[in-house]
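Once you've had a glance at the structure underneath, I'll fire off some questions.
Order of writing sets the chain letters: A, B, C and D. Residues in each chain are counted from 1.
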């Protein structure tokens, strides 16, 4: 079944496997007239590139994007933008062994059950490299949003037991720190923690948060296409994410109504909320406060420690996974999270244009 | 924009407002040949009916379902099943006052911003009564799944600070306890806690869990249509839900790879997992362990305590909400959660039929 | 599979069978703020009502519409509008005989093959009564379009061998003539022709045309969502339509490029086309000339003449169909055609709002 | 808006412009386990390649396909198959002149109106080269269908006034004749007719037909997703098609019910139809007779004759189009028509698997 597309008006379709010839994305529904070049995309792809810190695999992946369509004289034409990245640094032989058994925590078993066999090289379609298409598409969504004054920024808030303090947030720290935390002390502490766990042949999890500011009120829909429902799907569709929160999230379950309700108040003749427990969404519709989404990410399932599992001859075995694997998924997933959020927000923003007869008349007048 | 439909093959479209003439749903894509009568639906609707315990509003809503199409000689025909419930016990005058201001924690403000005005009677489309359509549709999905040996059961795991113990789980307790907890002691304690908070004009939140057993491996898709991604959307589309977890959920962020990975093992010549941290889903695809989803629900935003807000003349005001409101949303939302899960699972199960050439050949031979 | 919905942004979902309790439609994505009442809908439904002329069955069907949701204080709220019409004049006993055999030209056989059995009363879901939902939805689409200065008008151009002359077209003639032809002489002649064929226990076919004027250029999409492609689907989805044409249609195949190309010319400082062979669409996108669609409709398959067929015991038999049947489908299908066209055009108009960055900036400024 | 995808379960997304770097398609929802190689695709692409006869432009386009994903060890994996063809023989300078004016019969004007500007090189996205993606995807659909015993064959039935006789149909003639007619005499006559019109700087239209045999009864849906409705959309989405017929098509409008109804009859214990006026579809659902679709194609709009038009300075001008253009579209469009039909049929076949509870139980047992 066709499950590689996301979005309605602004719709992306990703394709490609870890060790195939290339990976890519077709982005359809891009409005015409936006200035766009490969550098706009590459800047985002470089943020998910491995080999840039001790937190990521030493694989060298250049991940140079090529735009194949949808741009004319430097501008989007309104036609689909096809982008691809060639696979260059793949060592297929590293993976030949895992063809015979099911790695714990991976999709090996479920792929075999669903499709009858699988492309076992590097996780195939379930590889983290699948997100290359998402990031390339998200770079476009982010550019469109930024032209409308909307900013989407994701960052790491926790790695294992180490929590970042968000008080002195700066985008610069997020982009410069290996952990993508906006807190230099926590960054340092987290790096040490990961190094320790890695030396024990283990891996760690973490938490990332995405904040959308500048969003007008009114985006999203009251029932199934709630803005938070689509953000939840977008976020949970990222491999390794096991929980999603909006605003106060899990905490609301032990909160009282009088604590959790955000009071409205007039400030400079505008209506604002005094607090933002709701995470910028009320009844599925943006309320013009910042939208806040959080994702909880499991530890990398590929660990070098010995593990029990079974092989395809239905035998219990012990395995030690080899190859090059990140000891933590979070830092490189941050840009993926940011991109999926941007794509979801842009789609809601476009869909919202048709909500009222007054808006339609204004547009067509 | 059209946001009142959910699902691809098995697709539901809900309609109706709290104080309109009726509410209902059209369920399209129901396979032909299933025995179905109004009693099958009513049993589910009765579980979300108010007025049955101290936890819910004293409103008497009969909520009698009427099936208008898609059944012939007691069986589904393959054509859309339209169902409606008439609104009978609505007191529109209770709501006239709230037309002039924005209730904190409600969608009043965002509706006005999006649509220019709103049906302010009882929350309109954002009322909990919208879920009548979801529950009626979910009753059908549950029936189809049960004929395939798949069971979907939701229950309350926490109310405010009171946690249920799941060790002696029984469906009977869930259906009989006012809290929908499978733990009689916790049920009693939670009732007391809610009564206390209610007497202080406040409201409380809680947690619910849904477990799917008997599911074959292979349902879901590796990228955007991951089974967990669709469950996250389905769950977050329920009003008041602010966080969704799959399996260990939030906890994975502080777990180690060696702890979080579920080892495979051979038992009775079959492959099973020794643990189920993954919540029955690996790489977006069901792994045949129970699927476990958890939803965190905020406290009812309608509280009788005085609150600050603004009115439509842009003035700061204080309000005390009147009317009949549940002090907690969770117990009546449990059946909604169960139904949204069943709908999502059934859709994935139908979509999965087209995954392999062998399956297609078997079907058409 | 879910096949009872049409449209993307403005999406309709119809339900109901000829002899069930009721038929109806849910219209989702209706922009907020449009004045709408039952009379707006009823006027359209009355045009497809039977029993008003010698061309239609003497069945009395009141077909009174009831609006159940989506309207507040006389205006659309942006939430789904649910409408239903109760079945009142159904004689199920008329149809008991046809349960045992397959009527030629009907869907009896294909329903049994697809679903294993069928609701045989009056054609069930394949009855012409299914179009009640389409017409109710189309009435809303037409109202929205008319507020934007766009008119959609359908009429009969031929009945059997009798062709209408369109030179003195008036909407009044279309609405008053039993044939829905805009030509009083042809109307008279066609009535005589139909009466003659009916007396011979036979039925006749015909042609209808729909013209959309006032449409801005730019609606539709260059590839699969071409405006003409969606009009073709909308038209062919009407039971009994076997051919669809845009503009010159079939004739283009024997035309030369120099004849078929429409030259552009400046008139009053605007660009217009000197001719309209293209039927208002170039490359799938509206060119601001009138959009012209034509539908060829087969003769009513229910005829009183003896016919050969088979029964469910796999025996060759001869049958004479009884009951009340129109000797021609076209006149009552004209409003259905008009409505499906209006729905398709409105959906394209809404989708088009997101085509350019300039348009989006204008909207959100 | 996202308009470059087609299909539900088997879904294709095309991208690319005539003079961009490449054109291609992502085919999602391909069942796993089908043997597939580039040669399977290339054979289809070669049928639409220009430069092979006097009917087509002397442009040399190699159109070599590259498969980038979705295949492992020679078999489809169930993951999206991305294919591309590099543009190699494009002379962009040929088109610089047409940037300033609107070619009659082309989409130049409507693109500018919709998007504000256009990629004017060779028609951009509206070029016939866009169909490369459709054909590559259709080659896969055809292969799947052929493994199920279903054959889809298209051919030319008329060019201008020259009609092919179908009595001695052979696939070989279709593939060998430059016109794609299954009639050698008509082929010769048509070639002469085209040569004559070309020498007069003009172009001609034609008709093509597609026949699907071996199709089981039951595919398609009774309302909007009728098999004929989707075939109509698929066909009309091919550039230059202006009319679509199913079965007897246009002729039904002058037929009588007694003539047009196909009688059922028992033959070898099976139910068959004595005639096939319905074109293999009753009530939107396949009836197991051959499905017959016909498409009427306009003459190539690019002609060398002088034509009136306007330029972008709003001036009336006369133009003579230069460059390399086919004098007729039909022969190369035949394979596109065949492919769009195959894609539509396959999607219906997959969707049909979920129609009955018995079928679902059989599948999951």
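Going forward, a contact is a pair of C-beta atoms (placed from the backbone, for glycine too) under 8 Å apart; a residue touches a chain by one contact, two chains touch by 3 or more.
Remember, it's a predicted structure, so these values are computed and weren't measured experimentally.
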### Chains in simultaneous contact with chain A and chain D
B, C
### Message
Over half shared numbers or under half: where do the identical copies chain B and chain C land at their interface, same or different?
### Response
same
### Task
Tell me, please, which chain's centre (mean of its C-alpha atoms) is farthest from the centre of chain C?
A
#### Entry: Rounded Å distance between chain B and chain D, as computed from the means of their C-alpha atoms
45
#### Entry: Cα-centroid distance, chain B relative to chain C, in whole angstrom
38
### Message
Just the number, please: Cα centre separation of chain C and chain D in whole Å.
### Response
26
### Query
What positions in chain A touch 2 or more of the other chains?
1, 3-5, 8-9, 14, 29, 32-33, 78-79, 114-116, 125, 216, 222, 351, 354-356, 358
### Summary
The answer for chain D against chain B in the complex is residues 8-9, 29, 31-34, 76, 78-79, 144, 147-148, 216, 222, 349-351, 353-364
## Note on the structure
Residue set of chain C touching chain D in the complex reads 1, 3-6, 14, 102, 104-107, 109-111, 113-116, 125-126, 130, 158, 160-161, 197, 202-207, 216-226, 228-237, 239, 242-266, 269, 271, 274, 278-279, 281-288, 296-303, 305, 307-310, 314-316, 351-352, 354-356, 358
#### Entry: Parts of chain D lying in touch with chain A, wherever the complex brings them together
1-5, 7-11, 13-17, 20-24, 26, 28-29, 32-33, 66-70, 72, 75, 77-82, 84, 114-119, 121, 124-125
